[in-house]
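The data blocks that follow each hold one structure.
Look for subunit A in each of the two complexes below; its partner is subunit B in the first and subunit C in the second.
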Partner chain A sequence: MKNKLVRNAGREVFGTVLMVIVALLIGAILVVLSDNQPGEAYSTMLRGAFGSTQKITELFVKLTPTLIMALGVSVAFRAQLWNIGAEGQFIMGSICSMVVALYLPVPIPLRMVIAFAAAVVAGGLWAGLAGWLKTRFNANEVITTLMFNYIANYLLLYLINGPMQDPYSDLSQTDLIPDGMRLAKLIGTYRLHAGIFLMLLVVLIMIFFWRTTLGYRINLVGQGEKVATYSGIHVKQTVVVTMCISGAFSGLAGFIETFGINYRLLDGIAGDAGNIATIVALLGSLNVYGIIAAAMFFSVLLCGGASMQRMTDVPYSVVDVIQGLIIILVIAKDTAMARLNTWFGKLFARKEKEHVE
Partner chain B sequence: MWSEVFSLGFLVSLLAGTIRLATPILMPALGQIYTQRAGILNLGVEGTMLMAAVCGFSVTAATGSLWFGFAVGVLTGALYSVLMAWLSVSLRVNQVIAGIGMNILATGLAAYIYRLIFGIRTLPAKIVPFQSLDFFGLSKIPYVGTVLFNHNILVYIAFALVPITWFILEKTTFGLKIKAVGEHPRAADSKGISVSGIRYAAVIIGGAYAGAGGVFMTIAYLNMFTESVIGGFGYIAVSVVIFARFTPGRAMWGALLFGFASALQVRLQALGSGIPSQLLLMLPYILTVVALIFASKKAEFPSAYTIPYSRMER
Partner chain C sequence: MEQLAVKMQQITKIFGGVKANDAVNFSLRRGSIHGLLGENGAGKTTLMNVLYGLYQQEEGTIEINGHEEKISSPIKAISLGIGMVHQHFMLARPLTVVENVMLGKKSRRGILLDTKQTAEELKALSDRYHMGIDPYSKIWQLSVGEQQRVEILSAIYLGAQILILDEPTAVLTPQETEIFFDTLRKMRSDGKSIILITHKLEEIISIVDEVTVLRGGKCVGSKLVDDSVTKDELTRMMVGRDVLFNFPPVTKAPGGVRMKMENLSAVNDKGVTALKNFSLDLREGEIVGLAGVDGNGQKELCEVLTGLRPNSGGRMLLDGEDITAQNPLFYIRHHISHIPEDRHATGLAMNWSLKNNLILKRLDQAPVAKHHLVQGKVVDELWQKAQSEYQIKAISGDDEARNLSGGNQQKVILAREIDSDPRVLIANQPTRGLDVGAAEYVRSKILEARNGGTSCLLISADMEELLQLSDRIAVIYGGELMGILPRGTDPLTIGSLMMGKRLEGAEA
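Presenting the complex of A and B:
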């Protein structure tokens, strides 16, 4: 039994790695088509990711929000709830913690705690709302969470151009948060900050989360409404709670990025983080360890990709295409592998038959 | 300024804008009626539209022919959706994830194609878009002419597709087969209908319609391509289909409703209403959520909605 589990996991990992390699190879073709050397492109990418101590610390800067958000997304995905609104939840977390940081007149340490809580709660409620709309009105959560992304983005734009705009600047941004509220830098002037400990804490929690009653309930909901109802679970309640937890992670990531990196609200703070969280969660097969590995791979891909764009003539969109290919190949993987297996199986069966005859 | 809002001029430009902005939602929504009726939820419409927008635009920029660009846009939509059909019908993967994957891939591919063809440039590439028709002077009729007879040809094509789509779905064998594989694929299969064949067709037709909507944005609404040119219209179209309970006529009203929200936003901004533009820009997206809330309970989804069909499984 144990052996079989290990073998299955091994096959799963092998398939995933194979698909990532295929995506990178197709990426290489695109690099060639844009009149560049794929070898040079990928080696620039690697040097951009691992070339110096500073670059390696940048990998962890990227890893922190990516991993937290991907783990958050995976909570919902396990329950077959397709929360693709991580971006909006990240933004709402950033906004609410920033409001606390700039305007709440309480001592700094207390303000820090409230800002943290505000981010987590805001992210959670923004996703939880979509969960509630699903249970109450049967509104498809894919569309609602996505629409919430647009709404959160425009809310952010409104705030940084209006009520929250830095009074001493014409730029679309808020004032900086007080020095005492910034997450401490860990190594000299490098951007790596104390948020990484929050990430480790989240990972630790997630490792044990799936063994808790709540984790078990969420998995059961993912097995289908019938299974969950027969097991005596309040499906609707679990759906809303699951979405809240899922969004809280992204809200937390918003807090970490705002208080560790940006120190203010800007346009495009979330970047592509929501999509990346989705891809990482799926690439990691919704499994904590798988997601950690996938998030590390993506940190390399993103940091390396950014430096590839600076150093060579290769368009950054190649990195985006690779991301898209990875997600499609990974979901096609299971069927493709199964087909390959039966095909090989038939081949061997025929050979054995010939042998007998 | 509020007196201006209630003036006739404002109303006329608002209604004209409504019809124009309903078009890029109406086309993909009509197409998705085929797809969803056949039991497949293609969330990849957004990406399909984006691919069509960039390919159609590029061809028009290269050849100078708007109709050629339009045809390529439609073709691109059909071809790109083959990927969705393969994933959802042949590989039977989760359709939601497949759709999201298609959209992420399209974001990268569209930016890559644009960069490959047009290079890095300070100003975006531009074309001369489809011009408004005037119907032998009918557009000169005060008010009514501006609202109804002063659009480009693609707008009229989109609205003409409403009865055509209805006819195909309700009055032809093909339409009947689509509904059969969406409601009861096993029964359809036992009657000799190729479930996967019909589903492939339904997804590809949906893709072609989405392609038309996507290319409309770059060669008939704007005259250039940007990465955010579709801006959620694909997702809005999917929710319009649910809102319309899978019928072309109601989809038209749904699209007009969203066109109205978009046009209202544009007009109020142009007027300098004092309402911050960012809040106005939220309008269509908020409306989508509200529409979904009101429509989803009542909507009768096809029985085999998002469920892959396999002969071997019961």
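Presenting the complex of A and C:
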């Protein structure tokens, strides 16, 4: 009985791993086409990710926001709410916590707590607004969350070039936050900071979250509005709450990056984190452990890819290609696996027949 | 020698190692009505899906009109003159009837659509077969029964010579079924060949020329249907054992009024009044059967009673307490159970595990949840109990609901709705699409609930079921109550009320 389940879970993992391998193989072909050694390229990538203590700490620096945002995105995805606005929620979290950090005249420890809360609330409300628009006006959340990314980005640009611009510099950035508000560095001068504990806390919360009543409700909404309503769930309310939770995680990630790495607002602070979070959540099959594995994999790919570009002639765009391939392959996974199954099934059936004959 | 329209030989179809069809032979004589009989899961639909090109067989050959054909897709099947009406409708819900029909054919006006012409032709066909379908209605606005008629209409319109019908009469009244059968006979005399998938024995006896029985994926046998064929004989072929057709008479008398509906009104999805001044009392320990042609307000009534649809007038009382216009959770908490008409979209979360489906409505109630955490152990225990008590055939409680047969899915719903100690049970088409064995089981469970004191409202299109189970039979037509009839009323009397004749005199 249990075996079948283990086999099912095994098949799921096997499928995902297979798709990743296919993506890496196609990446290898591109490396060959660019007149390089794929073995060398990938081993450089691995060395770039794991080669020294410093490199391993960088891996975790990358992992922290990626994992938190992917877990947040997965909350909405489970309810079939396609929140692709993690980037905007990250930026709103960063902005609001920074406003508190720079301007709120209260003692630093208290200011830290308020900044933290502001980031979480801002990210949550930014996504929750999209959820509300969906329930109130039937506005597609894919469109609204995507558009909200632009609004957040331009708001950031306005602030760092205008009201919040560092008065002692011409650069498009804000002043640095006070020393006392920066997240503590853990190992010497390496960038690894205390935000990693927040990441661990988020992982713990998420492991429990899907066992809570609210977690079940969110899941049930993802099963369809009819069955959710029939089961006594207030669907509209749940949609808004789900989006808020989802966005709060990205807001938190914004806080961690701002107070642990940048110490100020800059242009493009979110980078590609929003998109990567979406890919990671899907690659991890929206499962907490799957997402942890997928986030690790992407951290290696991103950190290692950068050193691959530095140490060899292989361009970083190979990493981008692999990323894109993974999206396509993950989407194609179920169909591909079904095809493979029937193909193998037929192969075995034929062999059996030959045996009989 | 008469020619065979279809000859399927040694058809084997394997799903994930399980043989859904195992070397099945099936022959359809041209110009005949052929019954395909078997319990759910016997492989009837699979066999027909192979014929219709939805599945490809692993082994075996198919001959159409004497020529061997490889039917690689439904498009190929349609070009060979094969039409199929599925049990689960294959209609695009946002589109109109005429648009759905046009999806399967080329326009006669080149790059422009021939909507108007097609609609007129459809209307003519619909009138000829008394189907009453407006070609410009949107599919989602139609009742299940009407959607089925659209499917049949569409297949006929597309020129099917061989028509496969998967349980077509499940949603029709006795009178409608007769009219429908006349249509089939007319089509037969036109030289069309019809395959009727069913597990209703009356249909086999009354209309079919020849029957093929499947059991467990294998062909049990074929025989010509004449006067010597009996229901018992067919049942034995189909089930492999005798089935109880009559339940023991009920001895306990119903108690006081539990639920009172007073002048309930509601509008349907189109915004048209679908329920008009509907009043009915449900007493403690009583089954009230609600007879009516599908789409006459039954769905809206169930939804109003469970908070899924707002009422536009009237009120409801539960043991004297006004419970009108509350949210669904309110009715769940007041122990009003609901077996919905649509198992797949409403009754179950298909991608959820079976054990989680048992607790859908109790996510925040002790003992299922404590401190907002769902208690895995309690859920496991609930599942163990339900599985053994309701004989749910599943590998484990972690299996997804979608992997179960219709009968076992319905048992999961029953386990959830009946085990929650219901004061009122609203059962909408609880045995639709179930095989004989499973339907028998569902009925016995509803009777059991009744004898435990639950007030039951049983909505069914199956006249025999209503007659068997109901203490009183109410009839609904056009959203209005036509009358309430006592136990043991002649089916034809009920039928005439279902066609809109009001019962004279006071309520029974």
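Throughout what follows, the second predicted complex is superposed on the first by the 346 of 357 C-alpha atoms of A that agree within 3 Å, B and C clash if a C-alpha of one lies under 4 Å from a C-alpha of the other, contacts with A are read in each partner's own complex, and residues count from 1 in each chain.
As a convention for this text, contacts are C-beta pairs under 8 Å (C-beta built on N, C-alpha and C of every residue); 3 or more make two chains touch, one makes a residue touch a chain.
Being a predicted model, the structure only gives us computed values, none of them experimental.
Once chain A of one complex is fitted onto chain A of the other, the partner contacts of A:138 are limited to subunit B, with no touch recorded for subunit C. Contacts of A:164 after superposition on the shared chain: neither subunit B nor subunit C is touched.
In the overlay built on the shared chain, the residue A:336 is in contact with subunit B alone; subunit C does not reach it. Once chain A of one complex is fitted onto chain A of the other, the partner contacts of A:154 are limited to subunit B, with no touch recorded for subunit C. After overlaying the two complexes on the shared chain, residue contacts for A:286 are found with neither subunit B nor subunit C.
Of the two partner chains, neither subunit B nor subunit C is touched by A:59.
Put subunit B and subunit C next to each other and count what each touches on subunit A; the higher total goes to B. Touch criterion met: A:325 reaches subunit B, while subunit C stays clear of it. In the superposition on chain A, A:230 makes contact with subunit C only, while subunit B stays out of contact range. The intersection of subunit A residues touching subunit B with those touching subunit C, taken from the two complexes, is empty.
Here subunit A touches subunit B in the complex through residues 30, 33-34, 82, 84, 133, 137-140, 142-144, 146-148, 150-151, 154-155, 157-158, 161-162, 275, 278-279, 282, 315, 317-325, 327-328, 331-332, 334-336, going by the rule given at the top. On the side of subunit C, the complex with subunit A involves touching residues 14, 16-17, 58, 306, 308, 327-329, 332-333, 338, 340, 342, 345-352, 356, 360-361, 363-364, 369, 372-374, 376, 395-396, 398. Put simply, subunit A touches subunit C in their complex at residues 1-2, 4-5, 208, 211-214, 216-217, 219-220, 223-224, 226-227, 229-234, 341, 345-346, 349.
Across the complex, subunit A is touched by residues 43, 83, 87, 91-94, 96-102, 104-109, 111-112, 115-116, 231-232, 235, 238-239, 242, 276, 278-279, 281-282, 285-286, 288-289, 292-294, 296-297, 299 of subunit B.
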